[in-house]
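Consider the two complexes below, in which chain A is the common component and chain B and chain C are the respective partners.
Then we have the complex of A and B:
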């Protein structure tokens, strides 16, 4: 067995073991998710129904390669309307986590994570931003938001 | 042998028989270990196991053991007593053992099927067997009561299921009470136009049956009745029926329809408006919470310029009806007011004059202009007694005469009856459905629109009913009474009250049907919000030739739709609403598609998840619809979005879906959307189930005794199910089940008597203090007090053996046969030790 197919099988098992993954086989492919999806309307290559079918067939790697999983806006309309309560948006989150863990997150997402780690925000606050804020009567922000306490508090809470 | 030694000691001789149930029990419970455990229990003479204890061989095995070992008690450890207790009791009886010296331990449903851990499940099975052994040792022989079967049958629900069963029983000359909540029998099928897959006209096949019901002497029809209380048991039920007011005497009414054609008031199912000269004068809506009518007005120009105007009731202008048209049949009516004819007489003359006019003449008079005749005000004051409108001058005409027009003098006084519009000879005042009532496309009620109405022309009984919330007399407590005046057989009963009737029957058939899922709880489809999104039953009514559009497919603006989408599975196969498949919608949707193709030139799109055409002739019908060029799209519609351009009276509806077979998103523009709503249990199912002691399955429908082998019976002996009250069902299946139920009922009637469980309470009179606590506690009213002896007595035919009185009796005078304290305690000990 080649290394890549081993990875694929391992991933497939892991995805199906997640909470949303356990509901996945209930999908009867009615297409409610895709037809109500605001992203699908703009980018037809993003088709939640096809993503669910691909995961069920163990084709997660293909999804990674095509990059469609990064198009989801996580609006959760699919879950809201799904007659079988299949958590399509959660599955996509699981796939993203798996892809990121494998170092396959798109560059833009990696940069955003890096920014978050560095500045505590998804982008850096510069003087330009603060001048605009002052004009609107808003408080000046530090260029670095300290998110460390938030993270530790949450961890203690658990 | 050790077993024989035990018996020699003179105690009970118990045989224990443990079943494998194929692998159902043995795969989780160690049956052999259970057998060996039982063998060493006290008083157990023989302990055996067998693969299928319920089979003939298994039963023979028990019988042989009873004879060989002189057993006087038997325990079978197998499935639920509900399943096979009668089987094993009969086996004991055949071997000469009293059938109540038997006890069952349920090691299938309570152990094997609910546990995974073999060791724990086996331990639990042993405890249950131990409990049964200890209990059975203390059981006493009991004799079942024999009771005669009352041949009368109560059928609840007068839809096609109830009608069919009633006719089958009447064919055998057995008495039937057919109880229906609505004013007519016929149920949902009476609304349909065509039935799939043969496209039979529903009325053509239903009406003869309905008429036949009214002709059969052994069928006692009870329309507008509801079942309120049921007491007793198989063979002898006492049922209390409550009759709602029809306000018409069913026995006297001849169905001539004079009342309907004369009634000045308009029935308001949802909302109406009274139009004065093209503008809304009064808006009449029915408050959904209270069911009451509310009249409103928003137009100040409709108000009377001066409440104390000179144009009082005395100022009636005259000259609407020419007196010579009718005269002699008026004499029986009231004294004329101030020498002239009374408003009642003038009203009746008008209606009769109108009925004699040709359509052309009517049309010529409907100029839409007010002649100032003042008949509206006269009727409102003199006939209705509301005095909500009066005439007022809007200025002088060329000849210097006041131009009189009707105005609202008091909105509070207006009861929204619509009599003013009914009498207006020119159409200056009209009443119509509220056009801007969003989503409510039309008034979908069948039948005429007067306050006294016949639900539909083929109604059985053909007796009108008065809608109390629309009737002038019933709202005001006085006035009008036109129907009473014109009714020759004198059948109108304004004073009618609710009535209770007690009947006695032997068996009960529940055929209460279904109700339609309310699609407005799926907001993205827009039912009740968007025009021209309609439910399946609304569309059925539209297709019906006696319906609001006379069978034509029309949008709200009256035009024919150019394209129609039919959405399947609305509320069914949906975890958010109903998980089950409603079974009829696919075929119903295909029938709609065919009828739309047949009657219009519209394009039809079917949006389905899975096409289920499973019945006889159904697949063929599916092929036929495909050949007719209906577009079939595999994909559930996500939403219906309205798009409106400029001054379009109707927006275009965009049905958004994914065609999953080609994986393409589609946005289909249509004029009309038909939803195939789920069938759900009637709202009254829970109440009725509680009254009858019939449980419901998780989907809310009534639960049959066995899904495969007894789909007609219920766990309550003598109560049966037919039709959609047991689960969504099409007409062929409903009729088949109704006939099956009738056969079951007839077989019991033919038998003449049944044996009843002797598990009943008895009161030891020497210990009874006569405190009567038990009298009021008994849920079946089975205990009565004997004042002469100062003791309470149990009526065994009513007692169900529930044990409430046994537990409540402060002096311990009541015992439940087969459930003595020592028996129950022994059973508990057996589980705990």
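Then we have the complex of A and C:
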């Protein structure tokens, strides 16, 4: 077996084992997810029904290569309307996690993670922010919230 | 009534007028807001997409600190924070394996978690715990002549089921504004996505989504759009120059937080509600309101 097909099979198995993955076989491809998707309306290449079919057929690598998984804005309309309670948003989170583990997360995500590791928040709370907070009757916040002990799972994956 | 308050990162930056107006409105209504000490990022966006288990762990830290403070349910005004915190809590209650893993991480930070505090959006808190009639009874001014397109966005109504509203056609904010004297505006796109972080990762998709919302609000004769989320507010307000020029028509319209008109009705000072921070301001005459 070639290295790439081994990667594809391994990935397929892992995705189907997730909670969202176990729901997928319930899909009967009615397309309600795609018809209600606001992103699909603007960008036909982002097609939730096709994404679900692709995963069921073991074509996750193609989804990674085309980059469509990063077009979902996680509005959950697909899940809300799905008659089989499958939806597409949660499986896309799983696909994104797998793509990121393979080093394929968009640059913007990597930058935000860096800020989170450094400050525990998306932005650093500076003196200016704290002066405003005091005027509002709020306490002064430390510029850095310590989330370090909670990142163990991340270290395991490295 | 007392609550734990989770402002989240956006309210410390782009959403500062939401921060100010929530604190002001809760004070005016006699509700206690106790900020979660040393809160951290809720775990939305980056970690959720890159490694969801880490997002649950950092999210749980906020839940644990709120529980230790013992001030009651958690009020999370940002829809993305609200969703991630609520989803984390539900997953931890439903999945013992995940819970023990997160408990281990929390123990390393000297924390424990029993998932006692519910995670709630301030709109739901005000409407359920106080009630629209009781809020309207405290109003000092009427929002006469204001025509608000009430925009709920996605993550406050979907997919968690804690807000007892029609998830395709919620009415809580419409009813609240009407009770305060505003004119009702039918806004059929009220739960359609604003594009969220697409504005950063795929700007053209985000611009298309926001343009359809702005066009709808104009077509319905709204005087402002009223939102419940800092990301929706940011997307809808800050790209109006760009969207107007690509659409070839003027699509500018003020985009407020629901706590701002509510605060005006309760007699709060417009500056204290952060109305000066907006790039498309409410016209001065809109701030002159008749007394009740």
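The rule is short, and it goes like this: the second predicted complex is superposed on the first by the 120 of 158 C-alpha atoms of A that agree within 3 Å, B and C clash if a C-alpha of one lies under 4 Å from a C-alpha of the other, contacts with A are read in each partner's own complex, and residues count from 1 in each chain.
Throughout what follows, a contact is a pair of C-beta atoms (placed from the backbone, for glycine too) under 8 Å apart; a residue touches a chain by one contact, two chains touch by 3 or more.
Being a predicted model, the structure only gives us computed values, none of them experimental.
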For A:129, is the partner it touches chain B (first), chain C (second), both, or none of the two (neither)?
second
Chain B versus chain C as contact partner of A:103, first or second or both or neither
neither
In the superposed arrangement, which partner chain does A:34 touch: chain B (first), chain C (second), both, or neither?
first
Figure out whether A:49 sits in contact with chain B (first) or chain C (second), or with both, or with neither.
first
Give the label of whichever partner, chain B or chain C, reaches more residues of chain A.
C
Give the list of chain A residues in touch with chain C in this complex.
38-39, 42-43, 70-71, 73-77, 79-80, 87, 89, 93-94, 96-97, 100-101, 105-106, 108-109, 112-113, 116, 120-123, 125, 129, 132, 136-139, 141-142, 145-147, 149-154, 157
Contacts from chain C onto chain A in the complex sit at residues 9-10, 12-13, 16, 19-20, 23, 35, 37-41, 45-54, 57-58, 60-61, 101, 104-106, 108-109, 154-155, 158-159, 167-168, 192-193, 195-198, 200-202, 205-206, 208-209
Per the touch rule, the chain A residues reaching chain B in their complex are 28-32, 34-36, 40-41, 44, 47, 49-50, 81-85
Can you check the complex and tell me which residues of chain B touch chain A?
524, 569, 573-576, 609-610, 634-639, 656-660, 663-666
